[in-house]
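For reference, chains read A, B and C in written order, and residue numbers begin at 1 within each chain.
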Amino acid sequence: MPLWNIYHPVDAYTAEEKQEMAKRITDMYYVLPRFYVGVLFHEQPKDSFFMGGQKRDDFVRIRLDHFARHMSSDAERTTNWLKRADEAIAPFVRDRGYHYELHIGETPRELWLIDGIHPPRANTAAEQRWKSENQPSPFGPEEG
Amino acid sequence: MPLWNIYHPVDAYTAEEKQEMAKRITDMYYVLPRFYVGVLFHEQPKDSFFMGGQKRDDFVRIRLDHFARHMSSDAERTTNWLKRADEAIAPFVRDRGYHYELHIGETPRELWLIDGIHPPRANTAAEQRWKSENQPSPFGPEEG
Amino acid sequence: MPLWNIYHPVDAYTAEEKQEMAKRITDMYYVLPRFYVGVLFHEQPKDSFFMGGQKRDDFVRIRLDHFARHMSSDAERTTNWLKRADEAIAPFVRDRGYHYELHIGETPRELWLIDGIHPPRANTAAEQRWKSENQPSPFGPEEG
(Lines give C-alpha, C1' and ligand atoms only; values in the text may rest on other atoms or scores of the structure.)
Protein backbone atom coordinates (compact mmCIF):
# COMPACT_ATOMS: atom_id res chain seq x y z
CA MET A 1 0.00 0.00 0.00
CA PRO A 2 2.47 2.56 0.76
CA LEU A 3 4.71 3.57 -2.11
CA TRP A 4 7.83 5.47 -1.09
CA ASN A 5 9.75 7.44 -3.70
CA ILE A 6 13.11 8.47 -2.25
CA TYR A 7 15.09 11.09 -4.19
CA HIS A 8 18.65 11.16 -2.90
CA PRO A 9 22.09 12.45 -3.91
CA VAL A 10 24.14 10.35 -6.34
CA ASP A 11 26.06 7.60 -4.50
CA ALA A 12 24.44 8.50 -1.17
CA TYR A 13 23.72 4.86 -0.38
CA THR A 14 25.29 1.51 -1.17
CA ALA A 15 23.11 -1.41 -2.29
CA GLU A 16 23.36 -2.81 1.26
CA GLU A 17 22.26 0.48 2.77
CA LYS A 18 19.28 0.71 0.43
CA GLN A 19 18.36 -2.83 1.42
CA GLU A 20 18.55 -1.93 5.11
CA MET A 21 16.59 1.29 4.66
CA ALA A 22 13.87 -0.53 2.70
CA LYS A 23 13.69 -3.16 5.43
CA ARG A 24 13.30 -0.57 8.18
CA ILE A 25 10.56 1.21 6.22
CA THR A 26 8.77 -2.07 5.51
CA ASP A 27 8.96 -3.05 9.20
CA MET A 28 6.96 0.08 10.11
CA TYR A 29 3.87 -1.34 8.40
CA TYR A 30 3.63 -4.45 10.56
CA VAL A 31 -0.18 -4.55 10.39
CA LEU A 32 -0.12 -4.93 6.59
CA PRO A 33 0.86 -7.75 4.30
CA ARG A 34 4.57 -7.16 3.91
CA PHE A 35 4.50 -7.24 0.11
CA TYR A 36 2.26 -4.15 0.08
CA VAL A 37 5.23 -1.93 0.90
CA GLY A 38 7.06 -0.46 -2.08
CA VAL A 39 10.27 1.55 -1.82
CA LEU A 40 11.90 3.07 -4.92
CA PHE A 41 15.26 4.86 -4.72
CA HIS A 42 16.09 7.53 -7.26
CA GLU A 43 19.53 9.13 -7.66
CA GLN A 44 19.11 12.82 -8.26
CA PRO A 45 22.14 14.79 -9.56
CA LYS A 46 22.99 17.97 -7.69
CA ASP A 47 22.23 20.21 -10.66
CA SER A 48 18.70 18.74 -10.86
CA PHE A 49 17.88 18.89 -7.13
CA PHE A 50 16.75 22.24 -5.77
CA MET A 51 15.40 23.13 -2.35
CA GLY A 52 14.62 26.80 -1.77
CA GLY A 53 16.11 27.59 -5.16
CA GLN A 54 19.52 26.18 -4.09
CA LYS A 55 21.28 23.17 -5.60
CA ARG A 56 21.62 20.47 -2.97
CA ASP A 57 23.66 17.31 -2.62
CA ASP A 58 23.00 16.93 1.09
CA PHE A 59 19.26 16.47 0.96
CA VAL A 60 16.89 13.49 0.75
CA ARG A 61 13.39 14.24 -0.51
CA ILE A 62 10.75 11.60 0.13
CA ARG A 63 7.26 11.51 -1.36
CA LEU A 64 4.98 8.66 -0.49
CA ASP A 65 1.39 7.58 -0.92
CA HIS A 66 -0.81 5.71 1.52
CA PHE A 67 -3.86 3.89 0.27
CA ALA A 68 -4.44 0.72 2.36
CA ARG A 69 -5.03 2.80 5.48
CA HIS A 70 -5.64 6.54 5.90
CA MET A 71 -4.76 8.47 9.04
CA SER A 72 -4.65 12.22 8.39
CA SER A 73 -7.96 12.83 10.19
CA ASP A 74 -6.61 11.20 13.38
CA ALA A 75 -4.17 13.64 14.98
CA GLU A 76 -2.74 11.31 17.61
CA ARG A 77 -2.22 8.46 15.18
CA THR A 78 -0.60 10.83 12.71
CA THR A 79 1.79 12.21 15.32
CA ASN A 80 2.82 8.74 16.39
CA TRP A 81 3.28 7.57 12.84
CA LEU A 82 5.45 10.53 11.87
CA LYS A 83 7.61 9.94 14.94
CA ARG A 84 8.13 6.30 13.98
CA ALA A 85 8.85 7.22 10.36
CA ASP A 86 11.48 9.70 11.53
CA GLU A 87 13.10 7.03 13.70
CA ALA A 88 13.01 4.46 10.90
CA ILE A 89 14.93 6.66 8.48
CA ALA A 90 17.15 8.59 10.93
CA PRO A 91 20.23 6.37 10.39
CA PHE A 92 20.11 7.19 6.68
CA VAL A 93 19.44 10.89 6.90
CA ARG A 94 20.35 12.97 9.94
CA ASP A 95 22.83 10.44 11.35
CA ARG A 96 24.92 10.91 8.24
CA GLY A 97 24.48 14.62 7.79
CA TYR A 98 21.63 14.68 5.28
CA HIS A 99 18.66 16.96 5.66
CA TYR A 100 15.34 15.54 4.61
CA GLU A 101 11.74 16.37 3.86
CA LEU A 102 8.89 13.88 3.60
CA HIS A 103 5.25 14.29 2.67
CA ILE A 104 2.44 11.84 2.15
CA GLY A 105 -0.51 11.70 -0.21
CA GLU A 106 -3.59 9.68 0.69
CA THR A 107 -5.10 8.12 -2.42
CA PRO A 108 -8.39 6.22 -2.65
CA ARG A 109 -8.19 2.60 -1.52
CA GLU A 110 -10.76 1.81 -4.23
CA LEU A 111 -8.27 2.65 -7.00
CA TRP A 112 -5.73 -0.07 -6.43
CA LEU A 113 -4.74 -3.34 -8.11
CA ILE A 114 -2.16 -6.00 -7.40
CA ASP A 115 -1.66 -8.58 -10.16
CA GLY A 116 -5.16 -7.79 -11.41
CA ILE A 117 -6.84 -8.20 -8.01
CA HIS A 118 -8.38 -5.38 -6.01
CA PRO A 119 -6.94 -6.06 -2.51
CA PRO A 120 -9.23 -7.12 0.34
CA ARG A 121 -10.64 -4.62 2.81
CA ALA A 122 -8.79 -3.81 6.01
CA ASN A 123 -8.88 -6.42 8.78
CA THR A 124 -10.70 -9.09 6.80
CA ALA A 125 -9.96 -12.79 6.62
CA ALA A 126 -8.56 -12.35 3.12
CA GLU A 127 -6.19 -9.58 4.18
CA GLN A 128 -5.05 -11.80 7.03
CA ARG A 129 -4.35 -14.64 4.61
CA TRP A 130 -2.46 -12.32 2.24
CA LYS A 131 -0.41 -11.21 5.22
CA SER A 132 0.42 -14.70 6.48
CA GLU A 133 1.17 -16.02 2.96
CA ASN A 134 2.91 -12.76 1.95
CA GLN A 135 1.41 -12.86 -1.51
CA PRO A 136 -1.87 -12.05 -3.24
CA SER A 137 -4.44 -14.73 -4.05
CA PRO A 138 -8.07 -14.72 -5.18
CA PHE A 139 -10.74 -14.42 -2.47
CA GLY A 140 -14.51 -14.48 -2.31
CA PRO A 141 -16.91 -11.76 -1.18
CA GLU A 142 -17.38 -13.45 2.20
CA GLU A 143 -13.65 -13.23 2.91
CA GLY A 144 -12.58 -9.80 1.79
CA MET B 1 -5.54 14.04 -17.83
CA PRO B 2 -4.22 10.84 -16.66
CA LEU B 3 -0.51 10.73 -16.02
CA TRP B 4 0.94 7.24 -15.76
CA ASN B 5 4.36 6.75 -14.20
CA ILE B 6 5.56 3.22 -14.91
CA TYR B 7 8.57 1.99 -12.93
CA HIS B 8 9.91 -1.16 -14.55
CA PRO B 9 13.05 -3.32 -14.53
CA VAL B 10 15.99 -2.23 -16.69
CA ASP B 11 15.55 -3.44 -20.29
CA ALA B 12 12.11 -4.83 -19.57
CA TYR B 13 10.66 -3.27 -22.70
CA THR B 14 11.93 -2.34 -26.15
CA ALA B 15 11.06 1.03 -27.67
CA GLU B 16 8.40 -0.71 -29.77
CA GLU B 17 6.89 -2.38 -26.74
CA LYS B 18 6.73 0.91 -24.85
CA GLN B 19 5.02 2.43 -27.87
CA GLU B 20 2.46 -0.36 -27.93
CA MET B 21 1.85 -0.23 -24.18
CA ALA B 22 1.38 3.58 -24.32
CA LYS B 23 -1.05 3.12 -27.18
CA ARG B 24 -3.12 0.54 -25.31
CA ILE B 25 -3.24 2.77 -22.23
CA THR B 26 -4.21 5.80 -24.31
CA ASP B 27 -6.96 3.82 -26.05
CA MET B 28 -8.61 3.19 -22.66
CA TYR B 29 -9.48 6.88 -22.34
CA TYR B 30 -11.60 7.04 -25.49
CA VAL B 31 -13.95 9.68 -24.06
CA LEU B 32 -11.09 12.17 -23.60
CA PRO B 33 -9.01 14.18 -26.01
CA ARG B 34 -6.24 11.74 -26.85
CA PHE B 35 -3.46 14.20 -26.09
CA TYR B 36 -4.56 14.32 -22.43
CA VAL B 37 -3.02 10.91 -21.79
CA GLY B 38 0.58 10.94 -20.55
CA VAL B 39 2.67 7.80 -20.07
CA LEU B 40 6.21 8.01 -18.70
CA PHE B 41 8.42 4.93 -18.46
CA HIS B 42 11.16 4.80 -15.83
CA GLU B 43 13.86 2.12 -15.68
CA GLN B 44 14.42 1.16 -12.08
CA PRO B 45 17.57 -0.85 -11.24
CA LYS B 46 17.06 -3.96 -9.13
CA ASP B 47 19.01 -2.59 -6.17
CA SER B 48 16.73 0.46 -6.06
CA PHE B 49 13.42 -1.40 -6.42
CA PHE B 50 12.00 -2.97 -3.26
CA MET B 51 8.66 -4.60 -2.68
CA GLY B 52 8.08 -6.03 0.79
CA GLY B 53 11.70 -5.26 1.64
CA GLN B 54 12.96 -7.52 -1.19
CA LYS B 55 14.92 -6.41 -4.25
CA ARG B 56 12.90 -7.10 -7.36
CA ASP B 57 13.62 -7.25 -11.07
CA ASP B 58 10.37 -8.98 -11.95
CA PHE B 59 7.97 -6.25 -10.86
CA VAL B 60 6.28 -3.30 -12.55
CA ARG B 61 5.02 -0.57 -10.23
CA ILE B 62 2.55 1.90 -11.71
CA ARG B 63 1.39 5.12 -10.09
CA LEU B 64 -1.04 7.33 -11.92
CA ASP B 65 -3.15 10.41 -11.40
CA HIS B 66 -6.62 11.14 -12.71
CA PHE B 67 -7.85 14.72 -12.89
CA ALA B 68 -10.12 15.15 -15.95
CA ARG B 69 -12.65 12.69 -14.51
CA HIS B 70 -12.97 11.21 -11.02
CA MET B 71 -14.55 7.86 -10.30
CA SER B 72 -13.61 6.55 -6.86
CA SER B 73 -17.05 7.30 -5.40
CA ASP B 74 -18.74 5.16 -8.07
CA ALA B 75 -18.10 1.52 -7.19
CA GLU B 76 -19.40 -0.03 -10.39
CA ARG B 77 -17.54 2.37 -12.63
CA THR B 78 -14.36 1.83 -10.63
CA THR B 79 -14.64 -1.95 -10.88
CA ASN B 80 -15.16 -1.80 -14.63
CA TRP B 81 -12.31 0.63 -15.10
CA LEU B 82 -9.84 -1.47 -13.11
CA LYS B 83 -10.82 -4.52 -15.13
CA ARG B 84 -10.14 -2.69 -18.38
CA ALA B 85 -6.85 -1.32 -17.07
CA ASP B 86 -5.76 -4.83 -16.14
CA GLU B 87 -6.63 -6.08 -19.64
CA ALA B 88 -4.83 -3.16 -21.28
CA ILE B 89 -1.54 -3.85 -19.57
CA ALA B 90 -1.74 -7.67 -19.23
CA PRO B 91 0.44 -8.36 -22.30
CA PHE B 92 3.26 -6.34 -20.73
CA VAL B 93 3.03 -7.65 -17.21
CA ARG B 94 1.57 -11.03 -16.37
CA ASP B 95 1.84 -12.42 -19.90
CA ARG B 96 5.60 -12.04 -19.63
CA GLY B 97 6.03 -13.08 -16.03
CA TYR B 98 6.07 -9.71 -14.33
CA HIS B 99 4.10 -9.01 -11.20
CA TYR B 100 2.56 -5.57 -10.95
CA GLU B 101 0.87 -3.13 -8.63
CA LEU B 102 -1.03 -0.04 -9.67
CA HIS B 103 -2.66 2.74 -7.68
CA ILE B 104 -4.35 5.96 -8.66
CA GLY B 105 -4.49 9.41 -7.12
CA GLU B 106 -7.38 11.74 -7.89
CA THR B 107 -6.18 15.34 -8.02
CA PRO B 108 -8.36 18.46 -8.41
CA ARG B 109 -9.45 19.20 -11.96
CA GLU B 110 -9.16 22.89 -11.08
CA LEU B 111 -5.37 22.63 -10.71
CA TRP B 112 -4.43 21.80 -14.25
CA LEU B 113 -2.87 23.63 -17.20
CA ILE B 114 -1.99 22.65 -20.77
CA ASP B 115 0.14 25.16 -22.67
CA GLY B 116 -1.11 27.89 -20.32
CA ILE B 117 -4.79 27.02 -20.75
CA HIS B 118 -7.01 25.56 -18.05
CA PRO B 119 -8.79 22.75 -19.96
CA PRO B 120 -12.52 22.93 -20.62
CA ARG B 121 -15.03 21.24 -18.36
CA ALA B 122 -16.17 17.70 -19.05
CA ASN B 123 -18.60 17.17 -21.92
CA THR B 124 -18.55 20.75 -23.19
CA ALA B 125 -18.33 21.98 -26.77
CA ALA B 126 -14.73 23.04 -26.17
CA GLU B 127 -13.71 19.63 -24.85
CA GLN B 128 -15.36 18.08 -27.88
CA ARG B 129 -13.36 20.37 -30.19
CA TRP B 130 -10.11 19.60 -28.34
CA LYS B 131 -10.91 15.92 -28.81
CA SER B 132 -11.68 16.13 -32.51
CA GLU B 133 -8.68 18.39 -33.23
CA ASN B 134 -6.45 16.47 -30.80
CA GLN B 135 -4.81 19.65 -29.55
CA PRO B 136 -5.57 22.51 -27.17
CA SER B 137 -6.89 25.86 -28.37
CA PRO B 138 -8.41 28.93 -26.70
CA PHE B 139 -12.13 28.85 -25.95
CA GLY B 140 -14.71 31.22 -24.56
CA PRO B 141 -16.84 30.87 -21.42
CA GLU B 142 -19.88 29.81 -23.46
CA GLU B 143 -17.96 26.88 -24.91
CA GLY B 144 -16.04 25.39 -22.02
CA MET C 1 5.70 22.64 0.74
CA PRO C 2 5.39 22.43 -2.90
CA LEU C 3 7.31 19.67 -4.60
CA TRP C 4 7.69 20.08 -8.33
CA ASN C 5 8.69 17.09 -10.45
CA ILE C 6 9.63 18.29 -13.92
CA TYR C 7 9.97 15.63 -16.64
CA HIS C 8 11.74 17.13 -19.64
CA PRO C 9 13.52 16.01 -22.80
CA VAL C 10 17.18 14.97 -22.52
CA ASP C 11 19.49 18.00 -22.66
CA ALA C 12 16.55 20.42 -22.72
CA TYR C 13 18.14 22.64 -20.07
CA THR C 14 21.66 23.55 -19.00
CA ALA C 15 22.58 23.60 -15.31
CA GLU C 16 22.26 27.39 -15.37
CA GLU C 17 18.81 27.22 -16.92
CA LYS C 18 17.64 24.72 -14.33
CA GLN C 19 18.97 27.03 -11.63
CA GLU C 20 17.06 29.97 -13.12
CA MET C 21 13.86 27.96 -13.56
CA ALA C 22 14.05 26.71 -9.95
CA LYS C 23 14.58 30.27 -8.76
CA ARG C 24 11.56 31.56 -10.67
CA ILE C 25 9.39 28.77 -9.31
CA THR C 26 10.63 29.37 -5.76
CA ASP C 27 9.95 33.12 -6.09
CA MET C 28 6.27 32.37 -6.72
CA TYR C 29 5.86 31.13 -3.14
CA TYR C 30 6.87 34.40 -1.49
CA VAL C 31 4.53 33.88 1.48
CA LEU C 32 6.29 30.66 2.48
CA PRO C 33 9.68 29.93 3.99
CA ARG C 34 11.86 29.71 0.92
CA PHE C 35 13.35 26.36 1.84
CA TYR C 36 9.88 24.73 1.60
CA VAL C 37 10.04 24.80 -2.20
CA GLY C 38 11.45 21.68 -3.86
CA VAL C 39 12.12 21.38 -7.59
CA LEU C 40 13.40 18.13 -9.09
CA PHE C 41 14.34 17.87 -12.76
CA HIS C 42 14.14 14.52 -14.52
CA GLU C 43 15.49 13.83 -18.01
CA GLN C 44 13.05 11.66 -19.87
CA PRO C 45 14.24 9.96 -23.08
CA LYS C 46 12.00 10.34 -26.11
CA ASP C 47 11.21 6.62 -26.30
CA SER C 48 9.94 6.71 -22.68
CA PHE C 49 7.86 9.89 -22.97
CA PHE C 50 4.40 9.53 -24.48
CA MET C 51 1.62 12.07 -24.76
CA GLY C 52 -1.52 10.91 -26.56
CA GLY C 53 0.28 7.69 -27.46
CA GLN C 54 2.98 9.61 -29.38
CA LYS C 55 6.69 9.75 -28.51
CA ARG C 56 7.64 13.30 -27.66
CA ASP C 57 10.88 15.21 -27.28
CA ASP C 58 9.25 18.64 -27.37
CA PHE C 59 7.17 18.33 -24.23
CA VAL C 60 7.65 19.19 -20.55
CA ARG C 61 5.37 17.38 -18.10
CA ILE C 62 5.14 18.83 -14.61
CA ARG C 63 3.50 17.17 -11.62
CA LEU C 64 3.54 18.95 -8.29
CA ASP C 65 2.08 18.65 -4.83
CA HIS C 66 0.90 21.42 -2.54
CA PHE C 67 0.60 20.80 1.18
CA ALA C 68 1.48 23.99 3.13
CA ARG C 69 -1.50 25.81 1.61
CA HIS C 70 -4.49 24.49 -0.33
CA MET C 71 -6.40 26.53 -2.87
CA SER C 72 -8.53 24.35 -5.15
CA SER C 73 -11.79 25.35 -3.42
CA ASP C 74 -11.10 29.05 -4.10
CA ALA C 75 -11.73 29.67 -7.80
CA GLU C 76 -10.31 33.18 -7.99
CA ARG C 77 -7.15 32.30 -6.10
CA THR C 78 -6.67 29.23 -8.27
CA THR C 79 -7.06 31.20 -11.48
CA ASN C 80 -4.55 33.80 -10.34
CA TRP C 81 -2.09 31.17 -9.18
CA LEU C 82 -2.22 29.24 -12.46
CA LYS C 83 -1.64 32.47 -14.38
CA ARG C 84 1.44 33.25 -12.31
CA ALA C 85 2.73 29.69 -12.66
CA ASP C 86 2.36 29.92 -16.42
CA GLU C 87 4.30 33.18 -16.45
CA ALA C 88 7.03 31.79 -14.20
CA ILE C 89 7.79 28.87 -16.48
CA ALA C 90 7.00 30.46 -19.89
CA PRO C 91 10.67 31.26 -20.69
CA PHE C 92 11.51 27.56 -20.31
CA VAL C 93 8.59 26.10 -22.17
CA ARG C 94 6.62 27.98 -24.79
CA ASP C 95 9.33 30.61 -25.39
CA ARG C 96 11.61 27.84 -26.61
CA GLY C 97 9.06 25.78 -28.46
CA TYR C 98 8.17 23.21 -25.82
CA HIS C 99 4.61 22.25 -25.09
CA TYR C 100 3.78 21.59 -21.47
CA GLU C 101 1.20 20.20 -19.11
CA LEU C 102 1.07 20.73 -15.37
CA HIS C 103 -1.19 19.36 -12.68
CA ILE C 104 -1.22 19.66 -8.92
CA GLY C 105 -2.12 17.31 -6.10
CA GLU C 106 -3.15 18.66 -2.74
CA THR C 107 -1.90 16.40 0.04
CA PRO C 108 -2.71 16.70 3.77
CA ARG C 109 -0.66 19.30 5.63
CA GLU C 110 -0.75 16.95 8.62
CA LEU C 111 1.40 14.37 6.82
CA TRP C 112 4.60 16.32 6.47
CA LEU C 113 8.02 16.33 8.13
CA ILE C 114 11.16 18.41 7.68
CA ASP C 115 14.24 17.11 9.50
CA GLY C 116 11.95 15.28 11.93
CA ILE C 117 9.78 18.32 12.69
CA HIS C 118 6.16 18.72 11.67
CA PRO C 119 6.17 22.29 10.28
CA PRO C 120 4.26 25.07 12.04
CA ARG C 121 0.74 26.04 11.03
CA ALA C 122 0.15 28.76 8.45
CA ASN C 123 0.70 32.36 9.55
CA THR C 124 2.06 31.55 13.01
CA ALA C 125 5.03 33.07 14.80
CA ALA C 126 7.02 29.90 14.21
CA GLU C 127 6.33 29.90 10.48
CA GLN C 128 7.40 33.53 10.38
CA ARG C 129 10.66 32.66 12.15
CA TRP C 130 11.29 29.73 9.78
CA LYS C 131 10.74 32.14 6.90
CA SER C 132 13.07 34.85 8.18
CA GLU C 133 15.79 32.36 9.18
CA ASN C 134 15.19 30.23 6.06
CA GLN C 135 15.65 27.01 8.01
CA PRO C 136 13.65 24.77 10.35
CA SER C 137 14.06 24.95 14.12
CA PRO C 138 12.13 23.55 17.10
CA PHE C 139 9.14 25.54 18.32
CA GLY C 140 6.66 25.32 21.18
CA PRO C 141 2.87 24.91 21.04
CA GLU C 142 2.33 28.63 21.73
CA GLU C 143 4.37 29.55 18.65
CA GLY C 144 3.28 27.16 15.95
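Quick note on the criterion: a contact is a pair of C-beta atoms (placed from the backbone, for glycine too) under 8 Å apart; a residue touches a chain by one contact, two chains touch by 3 or more.
Remember, it's a predicted structure, so these values are computed and weren't measured experimentally.
Peer 1: Taking all residue numbers at the subunit A/subunit C interface, are over half used by both copies (same) or under half (different)?
Peer 2: Looking at both copies, the contact residues mostly diverge.
Peer 1: How big is the rotation relating subunit A to subunit B when the fit is done on Cα atoms? Please round to the nearest 5 degrees.
Peer 2: The rotation relating subunit A to subunit B comes to 120 degrees.
Peer 1: Would you kindly tell me how far, in whole Å, the mean C-alpha position of subunit C lies from that of subunit A?
Peer 2: One centre to the other, that is 22 Å.
Peer 1: Which positions in subunit A are in touch with at least two other chains?
Peer 2: 105
Peer 1: With touch defined as at the start, can you tell me which subunit A residues reach subunit B in the complex?
Peer 2: 1, 3, 15, 18-19, 22-23, 25-27, 33-43, 65, 67, 105, 107-108, 110-116, 118, 134
Peer 1: Which subunit C residues qualify as touching subunit B in the complex?
Peer 2: Listed in rising order, the residues are 7, 44, 47-53, 55, 61, 63, 66, 71-72, 75, 78-79, 82, 85-86, 90, 94, 99-106.
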